[in-house]
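As written, the chains take the letters A, B, C and D, and residue 1 is the first residue of each chain.
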Amino acid sequence: MLNLAILLQAESHLLPWQQSMADFFTGDTMVSIGTWIAAGLTLVMFSFIYKDNALFRLGEHLYLGISAGYLMSLYFFNNMKPVFIYQLLPWLDPKFGTPEGSTLNLWVLIPGVLGFFILLRLVPGLGWLSRTTFAFYIGGFTGISLSKVFSGLLLPQFYATIDVIPYMVTSGPDFVKLLNALVLFVGALSVLVYFFFSVEHRGFVGGVARIGVYTLMVAFGATFGYTIMARVSLLIGRMQFLMFDWINAEIIQRLAVIFRGG
Amino acid sequence: MENEAKRNFLELFLLLDRRIIYTLVALAVAIPLIWPIGLPIRITPEVQSVFDKIENLPEGSNIMMSADFDPASQPELYPMMKAVMRHIARKKHKLAITVLWPNGPNLVAQCIEEVKEEYPNWRSGDDFVFLGYQVGGTIVIIGVGNSFVETFPKDYYGNATSTMPVIKNFNRLGQADYMIMFEAGNSGDWWIVYGTEVHDVEVGGGVTAVVAPQYYPYLQAKQLNGIIGGLKGAAEYEMLMEHPDMAVAAMDSQSMVHALLFVAIVLANIFAFALAIQKRNAARREK
Amino acid sequence: MQFFRKQFPILLAFAMGMTMFIREFVPAKIATDLYEGFTKWAIVIVGFSAVFAILSLLHHHVNRVRRKVPGYGYSMVTIIAFIQMLLLGLIFSVRPGTPVGWEYWWLFVPMQATMFATLAFFIASAAFRAFRARTWEALALLIAGLLVMIGRVPIGEFISPYLSDFAGWIMNNPNMAGLRGVVLGVALAQIAISVRIIFGIERTYMGGGD
Amino acid sequence: MKNNLSQAAIFFVLLFALSLAGFAQEPEELPPAAGDPSEIAALQDADIVIGLEEEEPEVPVTTVPLPSGVTLRDLPNDDGTGLYLTWEAFPEESPELTYTAYLAETPNGPWLEAGSIAGNESYMEDHGHYFPIFYWFKKSREAKLHHVLLVQDVATGEFDAKGNAIRLPEPEGFTVRPNVGPKNKDGRPIEPGIIDPDTGEEKVSTKLVEIQPRTIGELYVKLEARLGDATAEYPEVLSATARENWFDVSKTNMLILAVLFGATVLYFISRARRDPNLFIRKINGLDAVDEAIGRATEMGKPILYLNGMSSLADLSTLAALNILGRVARRVANYESTLVVPCRDPIVLTVAQEIVKAGFADAGRPDAYNEDNIFFLTEDQFSYAAAVCGIMMRDKPAANFFMGYYYAESLILAETGASTGAIQIAGTDAVTQLPFFVTTCDYTLIGEELYAASAYLSREPLVLGSLKGQDMAKLFMMVVILIGTLLVTFGMSFVKDLFKALG
């Protein structure tokens, strides 16, 4: 099975049998079968609105299995094969020997062994080996993120907060610009005060913290409005599918053809 | 004192049965789809700046694209990605596409098939390279910053990337003239922190409406040059492209449902408030 | 033996963390080679951890079936769906125009997209029955939310351009200021966790594994 | 409270002391900034003369102003593949005036164009990464006085099968080392221009042969100024050696801040180990929790507590479990039951231990009933639906939603609100906070959840990090105030210190 998958040719020039398979799966029959199945599943999943029922749970578990199977073959094609297996056994690559082929790179054995330690967690008693792998990978990655979070997130955002007043004021004496600058400056500072836990929120500090809360509330209001927009868009997307791709294309058009034809 | 029969209108509204609410929403979506109203769509500056950037880039410049979403946000980000991909194919820019979320690659592959139908001579290997999905999230971003060929020896279709003409002068994120990323979560922050800030690449964010507000601090700090927010952003982009498609068709329904929910929240709060006062007066009268 | 179980991982994490942190401040060629080398190795390791995640998911469902836990029928469905997708994927690859590509587009996409689309109905019922301005803060949130919700949609722009301009103002100013405070806080928290991991104080990520 | 502020003051003073030190350290010898007066005068006279004569205007002889004070040095903060040319800029230079640098490996060897800039661009302050000390301390005084032209890894580019450059004209005499590309079966590297085994003739390979940027080493550079078609060449040919730099000076601000902040967090964690009751302000969310428990237990109805949808690897799940401990202690001495449905098997076991310990602390070990803390399902939406089922059936008087939540939070909060229960939420999931705020009576926002758990558990790791982050926030607030104040009066000195030049 491993070799069969490797025999697959590149997309630009599919093997004849692959081209016919592709035509079959994107052909009309499979599309309309797919539309009917998709419509059925959509209605099953919508049934969750009334109450959690067996069909919905079946759909959920089916979707979990499909996603896991899809991911496993995806990992094999995109990750394990080109980055690991071909580096270790380059002659497995159908294009071996040509410039596009893979070349032997024994260095890849080290991460390979470390990665294998993770799989050993499934074996009772050998799980502790995976700690070395986590230490190597998460330790190294944490070192990178410690510096990058500073240069990519903390400093630019911090610099932009100090830069707020001139950024607004230098672009001409304009009341709205000055107001915006003040809102940005006071808002950001007051939110920092709100999340400051070493001082009791009383008196002046309490007042600034309240401004902070209200700034946060307006920000959450924006998230509230936008999240509603998102959920509604998802619903419209599915209704478009049900109404146009399914009812219109599969039912009305087919009936129209029968009537006109008959 | 109030008996069950004489329950006033306020309580009735607040205890509206769920099924009525659901049918109201379903109607508010379906009717405008069948009889579109055609409300004008106004272009916001955040979307305009992304469009202008891609429009004004000289032909054949390098654009990096990352599609980090899965079918859960397909209704929002798929039309957006298709509109931007259409724009890139029309302007004949060189395009490199990566996917960071595991369930996403086939959405991009389908989108490429559909754009290819409109632009037949837009070919993988010459005009674009679909690098596909690689496990690792941030590690892939760092890898793409170093070299496409080493992080993605084979592209999504299984071709070797090292001999592709498009890779010759576009093998690192640093060589991109612009980047557009489609985000459904905070992987956009990773692209900014580990990718575009490090290699000094201008980037635009096509994001789901759920996370759009979280990208505005990056916009003000000039770490982002524009934001295409939710299906409304996708509709604006389609209008700018003069190629109305799925997103524009959905805008009327979007408006109707929003209007319905606006009225519902306002009335519900007013009635609840009125009801509370009524109860307090009734309670005070009893004492 | 105890050393490899306890002390060595912590020392390794400290060594790797420090090297990759200090490397950031060294422009010499050796630093970029280290950076690229670590990334290439990390991608292979992460590949194995992804395979492990799927195997443990499968392991979980197989156990449920073996122990006949109530609802194990659902686990059977998951296992069967997984195996057929894996076999078809390995034989024909996963791109559109293959059996897996077909199943992805006509089974997986509708199910997941619809699952999240149901939330629109829950938002609608919450709009009628649950979203209340219980406190002054909630009132401020609702007012901003309603303005953005109606201003950022064609009907709002149709009612009056000022409405949509004001919604735009909310997005670019108070929303930006509020979430910037949150971003700064999150960045600090991330750095604090990184420091704890490198100095071996935080070990939850190592997980049990013994 | 007093000692916290004093510590912040120390950091603050330290940072300023450092920046003063920066003042004292004069960067390598930079030529005096004053332009050469005679040159400028010549330029201005020429313009006036032409304007005055009205009859047949003879061809205007444009004298090209020769740059003065030209120096060539190794480019700092790079990996040894760059040099830079610098010279004084004239006060107002026209964009038409362009400077071009040519480089060669021998003093009079073949010259290769290495880059050009226009007259009014590329000043020293535009290249902050390479000249950080100038950018931080001298930018405001010496803006637009020094031109900079970077001469960087020149020989990038692509070679075709025959090995000749496609993009860059490559005079001979250059040593180029194509990096070692793929190897064929017997391990020999595949060079461009291999013989195609099937057809036998030379196969042109479009293989990407990545050229290593040459370590430039000793190089000779000459500078040419051009205005229209008149050109002038700087008489002297300059030479310099590119060296690999071992410390990136432009990232010193980041290094200092990272070390300071790291040390603060570690210091506070060790202090929290010795003295657990470091000061944390009162979290009024916790009073709301106690009040909700009080009202719920009066009615004798159950209390529902969720620990979030994520696993132990997530900080907010740990915080949720800490708060669960307190709720358990409070509920122990009342008759009502505490129901804790879980989504993650590991979180379930930890929750059971915490509630058992809570009941024991309150002196009611007998009231603890393990069946109330149970595993529901791992699927996101089925879990939400099952919890809604419990809410509708048992009608708990108080619902607690702590920890990290995803899109299903709305289903939980909406059903809870419609049953009329008192609801308290606490999460750092920004996208879900709006729904909790509008449907719950009190919501702990983001870091407040961590503060509540630190306030309760006094666990050194959480408490120390929280205090360390507080110090950093104090420092940020102070610098924002001062930076903005100075900037509005035109002094961008403090602001520049925090620019990420790296």
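Quick note on the criterion: a contact is a pair of C-beta atoms (placed from the backbone, for glycine too) under 8 Å apart; a residue touches a chain by one contact, two chains touch by 3 or more.
As the structure is a prediction and not an experimental result, all values here were calculated from the model.
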item	value
Chain pair with more C-beta contacts, B-D versus A-B	A-B
Remotest chain, subunit C as reference, centres from CA atoms	D
Centroid distance [mean C-alpha coordinates] between subunit B and subunit A, Å	12
Centre distance in Å when subunit B and subunit D are each reduced to the mean of their C-alpha atoms	24
Inter-chain centre distance, subunit A versus subunit D - centres from mean C-alpha coordinates, in Å	22
Gap in Å, rounded to a whole number, between the CA centres of subunit C and subunit A	7
Residues of subunit C whose C-beta touches two or more other chains	21, 24-25, 32, 35, 40, 42-43, 46-47, 49-50, 93-96, 101, 104-105, 108-109, 112-113, 115-123, 125, 129, 131-133, 137-138, 141-142, 145-146, 149, 152-153, 171-172, 175-176, 179-180, 182-185, 188, 191, 195, 205
In subunit A, residues with contacts to at least two other chains	8, 11, 26, 48-49, 57, 60-61, 64, 67, 70-71, 74-75, 77, 79, 83, 99, 101-102, 141, 144-153, 156-161, 184-185, 188-189, 192, 195, 216-217, 219-224, 226-229, 232, 234-235, 237-238
For subunit D, residues that touch 2 or more chains besides their own	182, 205, 207, 251, 258, 262, 381, 407, 430-431, 434-435, 437-438, 446-447, 473, 476, 500, 502
Arrangement of touching chains [line / ring / star / complete / other]	complete
Parts of subunit B lying in touch with subunit C, wherever the complex brings them together	13-16, 18, 21-22, 24-25, 39-42, 44-45, 70-75, 102-103, 105-107, 109-110, 113, 134-136, 139-140, 142-143, 146-147, 150-151, 156-158, 213-214, 216-217, 219-220, 229, 232, 251-252, 254-262, 264-266, 268-269, 272
Subunit A - residues contacting subunit C, complex	1-2, 4-5, 8, 11, 18, 21-23, 25-26, 30, 33-35, 37-39, 41-42, 45-46, 48-49, 57-77, 79-80, 83-84, 108, 110-112, 114-116, 118-119, 121-122, 127-150, 153-154, 157-158, 160-161, 180, 183-192, 194-195, 212-229, 231-232, 234-235, 237-238, 241
Residue ranges of subunit B touching subunit A (in the complex, touch as defined)	22, 25-26, 29-30, 33-34, 72-76, 102-103, 105-106, 113, 123-125, 132-135, 138-139, 142, 152-154, 156-160, 162-163, 189, 192-194, 197-198, 208-210, 212-214, 217, 220-223, 229-232, 246, 249-250, 253-254, 257-258, 261
Residues of subunit A touching subunit B in the complex	8-12, 26, 49, 67, 70-71, 74-75, 77-79, 81-83, 86, 95, 99-102, 141, 144-145, 148-149, 151-153, 156-157, 159-160, 184, 219, 222-223, 226-230, 232-240, 243-244
Subunit C residues within the subunit B interface of the complex	32, 35-36, 39-40, 42-43, 46-47, 49-50, 93-96, 101, 104-105, 108-109, 112-113, 115-117, 120-121, 123-125, 127-129, 131-133, 142, 146, 149-150, 152-158, 161, 164, 168, 171-172, 175-176, 179-180, 183
